[in-house]
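Please see the structure below; I have some questions.
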Amino acid sequence: MNSSLSDLEQAFQAKIDAEQKIEPKDWMPAKYRSNLVRQVSQHGHSEVIGMQPEGNWITRAPSLRRKAVLLAKVQDEAGHGLYLYSATETLGTSRAELIEALQTGKAKYASIFNYPTQTWGDIGAIGWLVDGAAICNQVSLQRTSYGPYARSMIRICKEESFHQRQGYQIMIELAKGTPAQKAMAQDSLNRFYWPSLMMFGPHDSDSAHSAQSMKWKIKRETNDDLRQKFIDQTVPQIEYLGLEHPDKDLKWNEERGHYDNGEIDWEEFTSVINGNGHCNRQRISHHVAAHEEGSWVREAQNAYNKKMKARRASAA
Amino acid sequence: MNSSLSDLEQAFQAKIDAEQKIEPKDWMPAKYRSNLVRQVSQHGHSEVIGMQPEGNWITRAPSLRRKAVLLAKVQDEAGHGLYLYSATETLGTSRAELIEALQTGKAKYASIFNYPTQTWGDIGAIGWLVDGAAICNQVSLQRTSYGPYARSMIRICKEESFHQRQGYQIMIELAKGTPAQKAMAQDSLNRFYWPSLMMFGPHDSDSAHSAQSMKWKIKRETNDDLRQKFIDQTVPQIEYLGLEHPDKDLKWNEERGHYDNGEIDWEEFTSVINGNGHCNRQRISHHVAAHEEGSWVREAQNAYNKKMKARRASAA
Amino acid sequence: MAELKDKIQQYATRLGDDSLVLGHRISEWTSHGPFLEEDIALGNVALDYVGRARMFYSYAAELAGEGKTEDDFAYLRDEREFQNYLINELPRGDFAFTIVRQLFVDVYFNYYLTELKKSKDPELAAIATKSLKETRYHLRRSRDWTIRLGIGTEESKTRMTKALNDLWGYTHELFEPDELEIELIELGIAVDMRELKANWLSDIKAIVKEAELEIPDAEWAVRGGREGFHTEHLSMLLTIMQSVHRANPGANW
Amino acid sequence: MAELKDKIQQYATRLGDDSLVLGHRISEWTSHGPFLEEDIALGNVALDYVGRARMFYSYAAELAGEGKTEDDFAYLRDEREFQNYLINELPRGDFAFTIVRQLFVDVYFNYYLTELKKSKDPELAAIATKSLKETRYHLRRSRDWTIRLGIGTEESKTRMTKALNDLWGYTHELFEPDELEIELIELGIAVDMRELKANWLSDIKAIVKEAELEIPDAEWAVRGGREGFHTEHLSMLLTIMQSVHRANPGANW
């Protein structure tokens, strides 16, 4: 049995090494499955919880065009949440289990959403920076080894880059707008830049799951590589806006062909993840409240379906 | 027995004719009691429900001074509600019964509060016109035959005339303000003028309870006389504001020494009372919701008092 | 002629107000839906209404000239200038309230837009054509939900009954054109819903019956939307909706 | 010297922000209280806080000069400029939440204002003197209610426990002066609450114990009010509070 498991594992790894996709019905190591469930569901929860900070400004969007764009964006996030929850369900974890894990804190979501959206500028900064950072990660995950996950990433990436452009356009309007608008843009950039860098996770040297995940191609690039990509791409964008870069230590490194960045405040990162963000409790209690408020609807739907089935049966 | 009841009634009426006050422990005809409960509780309910349309603008009052004044005013209304509920309690009707009668629609409140406050100007118009009309009525009721009621009227009148001045001051600021403010003042005057006239109730010829109430001195002046007083006093106030009078048919009647007014739309009056106002359902459901939301607090308070009593008893 | 243009502008603005205010209310469901699929569906409906508002306002802006835009209509008019029907401004309530409101409004718009497609004003007719397809989708949804919730559980039935009762009195003014609209009806521009009330009522009755619910026999009716005589809910909606725009006069977004 | 004046102005503004934002939250209870007597009492507390805000802002306006008024501070500053502690801006919640917040804040102000009475700035000292009497009355109320609700019923105990848990993490920043405040503390102008945290804690513990409740052992703490780094609740509060004032630039009221 042991040797046959080992055979299975070898065959599994060989398939991955050959860049073939693993599909739901394929054999997979328990740890591959659980790592994947953790990663995909965390990604799904991030989409779902991410609806809240942006939803906070739908009713106040300052033009009808922006209102429509923001509504569509948040709706897309719900859609992404659905794709990802479905991908997790193919791994044997039900929607109800997913929701419970989120609400009890067993599952995580991107800690960036523990930061509050304080002004309209934050909607621009989130679209530009947060979605931008997410895309860096997601582009690499289009080649992830698990088939359903890779395919949802392909769909999601297309929409996310659209969102990023829309966020950046908000920033352009603000940055070239009135002095108050420009100040709003700078302020949002200042607040969201560093947390965006933290979205890539700890330094590779401190990252718990990285090595195994890279080997299984659940992850395709390291945290630091992805972060570097994001830092590099953001510099000219900030310049184009005519805003000040929040990282005062940022410097072009000719040799590396990359920007060297100032130190990231990992204490803040840990602190916010551990419950000291402005919105940790709010996000979860909002989700719980909406879920509870909706329970009678879900029950009614189930009851209706049962009644209809019974009526059809007795009519037959 | 019949003759002795009749003796009691005669003595009762004689006392009233002599302008002596009836006190809670005095004998009174059942109908006197029930008329009084109806009138005083309706008055109390009007104070309580009246907190809602004005409370609607506390969070948006456009200056800190106005915010403080409005808060104090609405608080006074709660106080008036309390005096009047207490006066009703002296007649043997409990607070719980009063609240139930209000919430089930058995008891009425001033129908003017079924009109919505749409703008800040409405806060001015309510203070000036609605409180103004209330005062005309209340001044006469300071001499009402039931002691506790008369005494609460004296206290209430003092505060109400203060409120009326404050409302009028809002109108002055608006009327002499920007064009938008002046338009706001005119609009609020237009919407609240006629409903204020209706506050005095139907014409004397159509008033159900008037004759008996006058005899018992539960009422001291007729609806039409009080309304005339209000119409007359309001004309120079509108002139001073430089606003247009909403009654296009208003004319000075030299002979009567009063203004003749245009026709009051009694159909609207009846319609609003009967449930077609903008806020009839809202006012009651707001009251019910707050009352239900507070039930655990009231229960906790009772439970605490019981527990303390029991502990003191077992300690003794 | 100039005067007619003003009247059409006002008519288009009213239709824009109906759509914007209702779209705003539905958008308040974002992240509050009973499950993720419903968040998406409600987002869709909200988007359709905001889109519709933009078309009506853009047309009104075009008629107004003077460089006016759709946003001037949405963000710079006061409570008393909004002329939406009251049913659209009521707070979102629970899911039953939202579904019953949508049912009433969707059946209504199904007739309304079908008529407006025939308007002699080609712009209004074009907007109606684009919007009618959406409304048919909305109506399928609100009809299905009405039936599911009417038949579902005791609680869902109770909530639907309450929603029907709470909303019924706001439907009457939907069928009562004022002078302006009567004039435009006579010119073949505006829709005459007086004639279609019977159809609306019979559709609603059929759906409500299928849902094993009952039409309220309450006789109250609240009116005033087309005169800018609103409930206390609209001003708070506008306070919120217009806040960022108004705090930055003349800014672009 | 000009610089010191600016610092005192900012300090007074912060104290005004604390009072206004909390007063606003309490004022939201109007007509929502559990019984009429409580509506009156809550109205009193709200009034005291609005009054206090007016005194602090008026002093700040005086220091600012240029014809500034209290209303400029309340109505024309943005979310990021408000520097109230976060605990004050949280939504009113249920009655338990309001009572626990008041308990925390009342015990705090009892110490704070006692110290501020000794400020070398005579205006601040005078405001503290006026306000302290009110705070003592508030504290009696919040203490009594804490005990009543802690001991009352299972439900009231559960709600109070939840409120203690939900609020605890917002108390820490109340005792953490920033650079500006440390400078003013050293000049004998501002209050140093670092030294009084132990007293505050011991009072709270005593009351909570008497109420048969428990101090949470949760370790989270949210900070940022004095830097204008607010929860999502403040911007909506300001949206509403400032709406009429901002919609009519330059108007008098």
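In this document, chain identifiers A, B, C and D correspond to the written order of the chains, with residue numbering beginning at 1 in each.
Just so we're on the same page, a contact is a pair of C-beta atoms (placed from the backbone, for glycine too) under 8 Å apart; a residue touches a chain by one contact, two chains touch by 3 or more.
Which chain is which protein? Per UniProt: A, B = 1,2-phenylacetyl-CoA epoxidase subunit A; C, D = Phenylacetate-CoA oxygenase subunit PaaI.
Here the structure is a predicted model, which is why all the values come from computation and not from measurement.
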How many Å are there between the centre of subunit A and the centre of subunit B, using C-alpha atoms for each centre?
57
Chain centre separation in whole Å, for subunit D relative to subunit B (CA means):
35
Taking each chain's centre as the mean of its CA atoms, how far is subunit C from subunit D in angstrom?
42
For subunit A, what residues touch not just one other chain but two or more?
60
Subunit C residues counted as touching two or more neighbouring chains
78, 239-240, 243
Is the way these chains touch best called a line, a ring, a star, complete, or other?
other
Can you identify all of the chain pairs that touch?
A-C, A-D, B-C, B-D, C-D
Could you please specify the touching residues of subunit C with respect to subunit B in the complex?
78-80, 86, 166, 169, 218-224, 229-232, 234-235, 239
Please name which positions on subunit B make contact with subunit D in the complex.
48, 51-52, 55, 58-68, 71-72, 74-75, 78-79, 81-82, 85, 120, 170, 173, 177-178, 180-181, 286-287, 290, 293-301, 303-304, 307-308
Can you tell me which positions in subunit D touch subunit C when the two form their complex?
78, 236, 239-240, 242-243, 246-247, 249
Interface residues, subunit B side, partner subunit C - complex
53, 56, 60, 116-119, 187, 191, 274-282
Going by the contact rule at the top, pick out the subunit D residues touching subunit B in the complex.
20, 24, 27-28, 30-40, 43-44, 46-47, 50-51, 53-54, 57, 70-71, 74-75, 94-95, 147-149, 151-153, 155-156, 159, 240-241, 243-245, 248, 250-253
